[in-house]
Every structure is written in structure tokens, then in C-alpha cells.
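Before anything else, here is the set of structures, which you'll find just below.
Look at the two complexes coming up: chain A is in both, with chain B in one and chain C in the other.
Presenting the complex of A and B:
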């Protein structure tokens, strides 16, 4: 189970000195798509056995998220410590995660379709290639009858039920199932669970020489204040403006 | 600079974003070769101005979607230093897999490109914009409607290459979307409802307006989470779809930060809400303080006059 800690989707993002100010982020959370993937991984374990290993690559603060994963049922935790992920390019992040998965001998990998910070979506397919595993993205559900594994994924025409064999990677969209909440016992047990912490070098991955370098961040362009109208009787005027001023209808 | 552009298909033809990918490739001094997976849209692709070559890649693997197989087949045909694809779900997966196969970095969801290669892209779903540089060779995916499309009138050579790959993802069953309604990710005009609609049955009023102007119907996360009748496929926002239509009409949506992140780059935004202090008015070009019960009938009458 590959997880990433990101600013909570309700958190404001502020830019200071040309960079996003991470210290101003009010709350860090597990990336929402990862939550659905974790739920599905736990359900698959409950139905068919096995063990869920929660893996993250990130700074020290991400340890809290691994504990959260343990509280809902992750069996073991692996933290690859990288203080600033923006210093790595996609090839390096994927190499780290693929090596971490290989170390755990996992044959089914769950992750989110993209993380809610960079919104990229490169990790699932990239890790799948490095592990010589098949990959299904936009997944909402995974089931297994012991042998083959079936996933539901979004497609251009609606949804598709697809079958794959392990090793495989499932990159999750928002799922259809309710997410479980940790109970008191889970939270107590999780506090005792210690994550194994490794460096990229421990996994044999070189973190020097990223091909991508961040030049800076800016806040989104502020729109000039719009025009405000009062009451339904103004609808005619607005429709007129949409036609004549904005030219959009 | 040789640039391989992965054509984006839509049904049996090209998706309009394909001409935008070509336009963006040319803007950084690239000479683009277009790859058409499964041969879809090859003739159309040849007429895009600036395309030097179209390669129609045909093989059994293109019958259903397996991003790994498609990437393998396309990768063995693709030359070039830079790979450009659309930041659609399939484009992202194919480009990411090709990048991993080549051991080159990928930057996803760019909204700006400059020679160098300098890439601009929204992060935190648009709550900030990041500028970075990436060295060639690399792969880059581009957001739809963020780049000027190349024109028509081109006359590129089309060659066909037979190239398949082993398919590992077997499609067992296709489940068609309920209804014929436009997808919010594809639509030029979107009308969305929030929890302020009071009841999912009231979305029928949004449907009626949508039918009059060819719009898709979207929803806020609050509406999707509250009502089972409103599917996640309609959700606009940070954990739903990010949209950039030319007109976005928000009805009964307060404007939570997650929702604004998904629609704030729409060209024009109309907000209808009874609460004059709703944050949605902060991003609206035209804000109407009214209940939807009053405003939607009026909107139908006015649109009917057009």
C-alpha cells in the first residue's frame, strides 16, 4: 500500500518568498485517493488473507500518516525518509517505491491514481513497469476469488470490470465504499507499531542529480471582482451579459 | 528537437486536445511526430498544421485499454527526445509508463511550456502554480484547453506500423454509463448543483437548463457525499474533476475550497446562491443572490428567448 501525506484538501495554501509555505499548512492528511485504495486493500485482506504493508516516501512528519494507516488495520509500516520530495524527479521516486515494494515481497500494490498535492499520477504506472507488474488505473473496487483478481475501473463509456493476475498495481479513483474510521483499540495498537525507517541509499537508490528543478511557486491569478446582482429578476440582465459581454452563450 | 506527440482519441476520431498538443510542441521549437494508437484519427492527424509525420500504430493490443501494453507498443515505435501526451487518465498512464520504460522523468498536467524546457503547472489542485525546468529527454502531459491549438491545412505523411504487445488487463464486462448526459470533463458549459439544491430530485431543474444550452451537469462534493443519486462522476473539485469550461454555472454551491480548486479556471463563472456571503461569489464573474427556486425558472425563460 503506497501512501502519501499531503496538505488536507480543506487547508489553505500560502506562498511566501516564491515558495509554498509548508509550515503554514494547518493540517496534513493521507491523500484522499490513497484512503480509498487503503480501504480496498484492507477489504481484500479480510476476504482472502495476506498482510497489508503501508509504505510511504516522505519527510518525518509523514510518520503520523503511517500510524493512521495502522490504526485502521495496516499490519506493518515502512517509511523511506526523504525530507524534501521536490528534490527528486519521478524516476527517483518510482525507483525508491519499487525497491521498497520488492523488499516486502508484496505481489499486489495499491495506490491512489494521483496524490492531492502534485496531482501527477505517475507513480502507479511507473512502479508497475519497474516491478514488471500489470497496472490498472482509475480503479474503484478490487475483489479476488483466490485465483484471479478483478477490478472495476472507470472507462470512456462508463465502467469496466477487468481481470489481472499478480503481480499487479491498482491506482485508485475515489471508491464506492465507505471508508472505515479507526476505533479506540486500533488507535492504541497503532501507537505501539513502529515503522521501519530506511533511507533511499539503504534501498540502493541514488537521490542526486534530479532532472527536474523547481524554480518557484506563485499563488493562482486573482480574478478581478465580479459583478453582483440581487434577486431572480436580475437573471435577464445576467443572461444578456453572458451573450453580449462574455459571448459564451 | 524531435517531439513525439501521442494523439488523444475520442470515440473513432481525434480529441480536440490533440491539435493543442501539437501547438504546444511547436511553441518550444519542436518538430512533432504524431503517434495514433490503434490507427485512430490518423487521417485527421495528418491535416494538423506543423505535424511532420503521422505514424499509425496498429495491433491487437489496441482493442481494449491496457496502458502498459499500449505504452510498450507505442514506445517501440516512438523516437524523439520529448514525449508529449494529454493529461487525460489514459494519456497520463501511457506517458508515465513510457517514461519509466525509458528511464526519463515525467512532468504531468502542464498548463504552460516555454523553451528550456520550462514547465508551468497547477499544484494542490490549483491553489498554487509551480514553475520548474526539466532537462530533455523527458515526458510531459498537457492539460486540455490550456494551449492554443495548431491550425488545419497540414499534409503530413502517414505511415502504418504493425506493433502489438502482450495484454495483461483483460476486460470482462463493460458497463455503460447511465443516461446520455455529457461528461463534465468534456463539456464546454457546465451547470453544477450543491447541497443547496435541497434534494437530489431537484437536479432535474439543472438538467432542463443543461439541455437548453448543451451543458453537462456537475455537482459539489457535498452533494455527491450526501446523496447516493448523485454519482462521483459528476463531482467537480479537488477529489473530483478539474474543469475549464467557457461557462460554469454554480447553483446552491457555497464554494468550499475543494470545489473552487476544481473550477476556478473556468473562463466565465456564474454563481446563484441565496447567501450573499457565500465564498463562491469571490470567484464569480456574475453573482446572483437568489434562491434556485426563483432563479432557475427565470433562467429557463431567458435562455428560451435566445
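Presenting the complex of A and C:
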């Protein structure tokens, strides 16, 4: 289970000196698509056995997210410590994660289709390529009959079911089941699950020479100010604007 | 926008990982389940059953109790749970307080092994709801003179009397009822369906509207002999329960105050008058600074009291001070926040008027503001001032 800690989708993002100011992010959370993937991985484990290993590549603060994963049922935790993810390009992150998966001898990999911060969307296919595994993207549900594993994914006309065999990678879209919430028992159990912390070098991955350099971040453009109208005489003008400019009626 | 709790003195850094995780779990639940639905629950005058199920599934009922399937959390964690629940609504915190501190606690502390094994595992999961019958129509601050009586009839007890202002009463599966047996206050477990027991709901409240409040009526109510709490006599029984509930309230009030402060701050920053946000005016800043100051003091009071609860060095008067002070400032913050919201403050679009109305009850129940002052007065002077009798 590959997880990424990102600024909470409700947290305010501020840009300072041409960079997102991470110190100003009030809340860090598990990336939402990863949450659906984790839920599906836990359901697959409950239905067919096995063990869920939660893996993240990120700074020290990401350890909290691994503990959160343990609180809802992840069995063991692996933290590849990289203090500044922006120093790595996507292929390097994929190499780290693929090496981490290989180390755990996992044959089914779950991840989100994209992280809520970078939205690059390359992790699932990239890790699958390095592991020489099948890859199904835009997945909403994974089931197993004991032999093959079936994933439901969005297709042009609705949904399609794809059967694959391990090793395989499932990159999740929004899942179809409600996410489980932690409970006190899970939180108590999570205390006992200590993450194994490794560096990329421990996995034999070279993190020098990123092929990408970020020139700068800019905040989204401010919305243009709204228009105010008062009095019954403005009704015709407002209706005209709603019809011709906003195209809502 | 994500809720950002005011934590001016970084109380967060004093919490354990486990305490923070429990706090965040309840905070997320309140954001997701309580806040979007609370106004409807208040309008309908119901405590949604889904909330009972969720509280049970999260495993937070009877938070600090150990064994019998109970969570066994620290008192700090229990306080944080109360704080987050009451940020949603005092009625939700009341449900949890009554279940954990007033119904489960006396069984856990004063019950027989059979009673503990029978009731506690089903109460911590929320399967069974409990309530607590102490207050009577004519005996509120003075429960020692209660009228409700139990008679020993050989193979059963016969209970007669009435209790009032009982949270969860109508929806409860069992009630821990305090009654005089041969002139001595004893605790009895009364179950829904016991002959001679009814629990009509009290209506017409302007406060705690999402909480069920009831009368408990006992008319020749027959109680099996094994339902008396064997290990306590006198007011020590109910007062032990109240100490725990009052401790929880001292944290809960911070949650209500935080909700009002957060809403007032946001409103003041966005409300433009005389071409400027009202947050830029000195009178408004003065109010916000007062709120921050009092919330911070209340947090330090509650946290330190929690540590004393956890290491067993607390005294009841310290709980009185924390309950009284924190509810008092929360109510004043709610009123001040309503003022900052102007006319908008009376709308259910904002939480402030609901918290304000709720806190009027919280100020009165579990020992009124004045009674807690008398408890402190007695502590300071050695002279009780509850009654003119010596």
C-alpha cells in the first residue's frame, strides 16, 4: 500500500518566495485517493487473508500518516525517509517505492491514481513498470475469488471489469465504499506498530541528479470581483447576463 | 476551510500521540456527522440514533474506565473527547457524559462483578444507553433531601418517587437511580420495562434541543434484589459520578467556546462595514483578544486538572473551579461572539446562538455556578454556606 502525506484538501495554501510555504500548512493528511486504495486493500485482506504493508516516501512528519494507516488496520509500516520530496523527480520516487515494495515481497500494490498535491499521476504506472507488474488505473473496487484479481475501473461508456494476476498495481480513483474511520481499539493497536525507517540508499536507490527542477510556484489567480445589482429595474440586465455571459439559463 | 483550533500556548505539544489521534478522530467525526446535521436535530428535537452507533463504534463511551471492554484511555483523552463533541453541540457531549460518567462509572466503581460484566460491555459499544436519576422536581442543588424511596420487600425492592431533568431518560435501556433505603441513599439499576417505571420526555426546551431530557417516574416499581449497587452508601455515590462528569464539562465548554471564537474571528475578518473588515476595529479586536485570553486560561486549567486526574492527586474543589470557570467564560464568549456576528448571530447559519442557549443549561446542570462557588467558599473558610442549619 503506497501512501503519500499531502496538505489537507481543506487547508489554506500560501506561497512565499515563489514556493509553497509548507510550514504554513495547518493540517497534513493522507492523499484522498490513497485513502480509497487503503480501504480496498484492507477489504481484500479481510476477505482473503494476507498482510497490508503501508509504505510512504516522505519527510519525518509523514510518520503520523503511517500511524493513521495502522489505526485502521495496516499490519506493518515502512517509511522511506526523504526530507524534501521536491528534490526528487517522479522516476526517482517510483524507483524508491518499487524497491520498497520488492523489499516487502508484496505481490499486490495499491495506490491512489494521483496525489492531491502534485497531481502527477505517474506513481502507479511507474512502479508497475519497474516491478514488471500489470497495472490497472482509475480503479474503484478490487475483488478476488482466490485466483485472479478483478478490478472495476471507469471506461468510456461506464465501468469495466479487468481481471489480472499478481504481480499487479491498482491505482485508485474514488472507491465505491465508505471509508472506515479509526476507533480507540485501532489507535491503541497502532501504538505497538513501529514503522521501519530506511533511507533511499538503504534500498540501493541513487537519489542524485533529479531531472526536474521547479522554477517557482504561483498561487491561483484571484477571482474577479462579483457584480452587484439592486432594485427591480435591474432584473432584465441580470437575466441577460445569466443567459449570455454565465450561460446558466 | 479546515477547522483550526485555537492553541495559543501549544497545549498540543503536551499531548501523547494516542491522545492526539483520539482527539483528531472525534474532531473529524464531529466535522463530518454532527456539524452538518445539528441544526436539523435541534429543530426536530431528537438525538439521531446514528450518532449513538458511531460513538459506540469509535469506542469512546466510558473513555477512562478500564476493563469490561471499556476503552481505558487517559483522563486527558477523555477531556479531549468531551471538548471535540461539545464543539459540535453540548447535547452530543451530554450524551457521552451521561453514558460514561454518570451511568457506566457507578456500575464500574460500585457495582458487583455480575453487574459490571452484564452492563458495561454493552454500554461501551452504545448498544445499551444509560441515564442517571438524582435530581427531583423539588430537590436540585439539595439532593440529600430527595423524596424517592426504596423499600426492601424481601425478594425485591419497591421504588416510589420521581426524577426530573434526566438526560437520555426516554431513550435509555437502563437508569442508575439514587433513592433512600431506610433513610440512606443507595444506587439502583432500573431497566426499561421494569413494572411501574416510565420515562416521559420533557418538551419545550430552548436549550440542548438535540438532547433527550426526561422525567423518570416510579410507581410501585419492582426491582430485583441483585440490582442494588452493593459498594456505596450516601451522597458519595452520586457525587463521585458528578466529579467525573464535571471534569468532562470543563473540557467540553472549551469546545463550545472554540466554536464561537472560530466563527466570530472568521465573521469579523469577512464582514465589511465603513469600508473595512470589522476585525480591523479596536472594539472588535478587544473582544477577540478577551476570548483568546480566556480560552487559553481555560485550556491550561483543564489540562492541569486532567494530569491530576490521571495521577490521582485531584480534589473535588479543583473540579468545581474548572467546571464553573470554563462554562462561565464559554457562555460569555458565546454572547460576545453573537454580538460580533451582529444580527446574523441569531441565525442557525452560525453556531453561536445555539451554543449560547446550550451553555445556559450547562451553567446550571452538574452543580450550578453558584453551588460551585459555595463549594469553593467552604474550602476557603471551612464554613459551609449551603444551608442556614448548622
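Here is the rule we use: the second predicted complex is superposed on the first by the 231 of 249 C-alpha atoms of A that agree within 3 Å, B and C clash if a C-alpha of one lies under 4 Å from a C-alpha of the other, contacts with A are read in each partner's own complex, and residues count from 1 in each chain.
Following the convention adopted for this analysis, a residue touches a chain if its C-beta (ideal position, glycine included) is under 8 Å from a C-beta of that chain, and two chains touch if they have at least 3 such contacts.
Computed from a predicted structure; not experimentally measured.
Visitor: Mind checking the superposed model to see whether chain B and chain C fit together on chain A or clash?
Guide: fit
Visitor: Looking at the overlay, what does A:217 touch: chain B (first), chain C (second), both, or neither?
Guide: first
Visitor: Taking CA centres, what is the chain B/chain A/chain C angle in steps of 10 degrees?
Guide: Computed angle, apex chain A: 120 degrees.
Visitor: Tell me which partner A:117 touches in the superposition: chain B (first), chain C (second), both or neither.
Guide: first
Visitor: Which of the two partners, first being chain B and second being chain C, lies in contact with A:27: first, second, both, or neither?
Guide: second
Visitor: Touching A:12 in the superposition: chain B (first), chain C (second), both, neither?
Guide: In the superposition, A:12 contacts both chain B and chain C.
Visitor: In the overlay, answer first, second, both or neither for which of chain B and chain C A:68 touches.
Guide: In the superposition, A:68 touches chain C alone.
Visitor: Is A:185 touching the first partner chain B, the second partner chain C, both, or neither of them?
Guide: A:185 sits against chain C, while chain B stays out of touch.
Visitor: Which partner chains sit in contact with A:130 here, chain B, chain C, both or neither? Use first/second/both/neither.
Guide: It touches chain B, and chain C stays clear.
Visitor: Under the stated touch criterion, name the partner, chain B or chain C, that contacts more residues in chain A.
Guide: Touching more of chain A: B.
Visitor: I want to verify one number: the closest Cα approach of chain B to chain C after the superposition, in Å.
Guide: Least C-alpha distance after superposition: 6 Å.
Visitor: Which residues form the common part of the chain A surface touched by chain B and by chain C?
Guide: Shared contact residues on chain A: 10-12.
Visitor: Can you tell me which positions in chain B touch chain A when the two form their complex?
Guide: Residue positions touching the partner: 10-11, 65-68, 71, 89, 92-93, 96-97, 99-101, 103-109, 118, 122-135, 138, 168-178, 189, 213, 232-233, 235, 238-240, 242, 246-247, 256-258, 261, 264-265, 267-270, 276, 281, 283-291, 294-295, 297-299, 302-303, 306.
Visitor: What residues of chain C sit close enough to touch chain A in their complex?
Guide: 1-2, 4, 17-18, 21-22, 25, 28-29, 57-60, 63, 71-73
Visitor: Mind pulling up the chain A residues that touch chain B in the complex?
Guide: Interface residues on chain A, with respect to chain B: 6-7, 9-13, 15, 20, 32-33, 89-91, 94, 113-114, 116-126, 128-130, 134-138, 150, 154-165, 168, 171, 173-174, 176, 210-220, 223, 226-236, 238-239, 241-243, 246, 248-249.
Visitor: If we count contacts the way the header does, which residues on chain A are in touch with chain C in the complex?
Guide: So the residues of chain A in touch with chain C come to 8, 10-12, 26-27, 64, 67-68, 71, 181-185, 187-188, 190-191.
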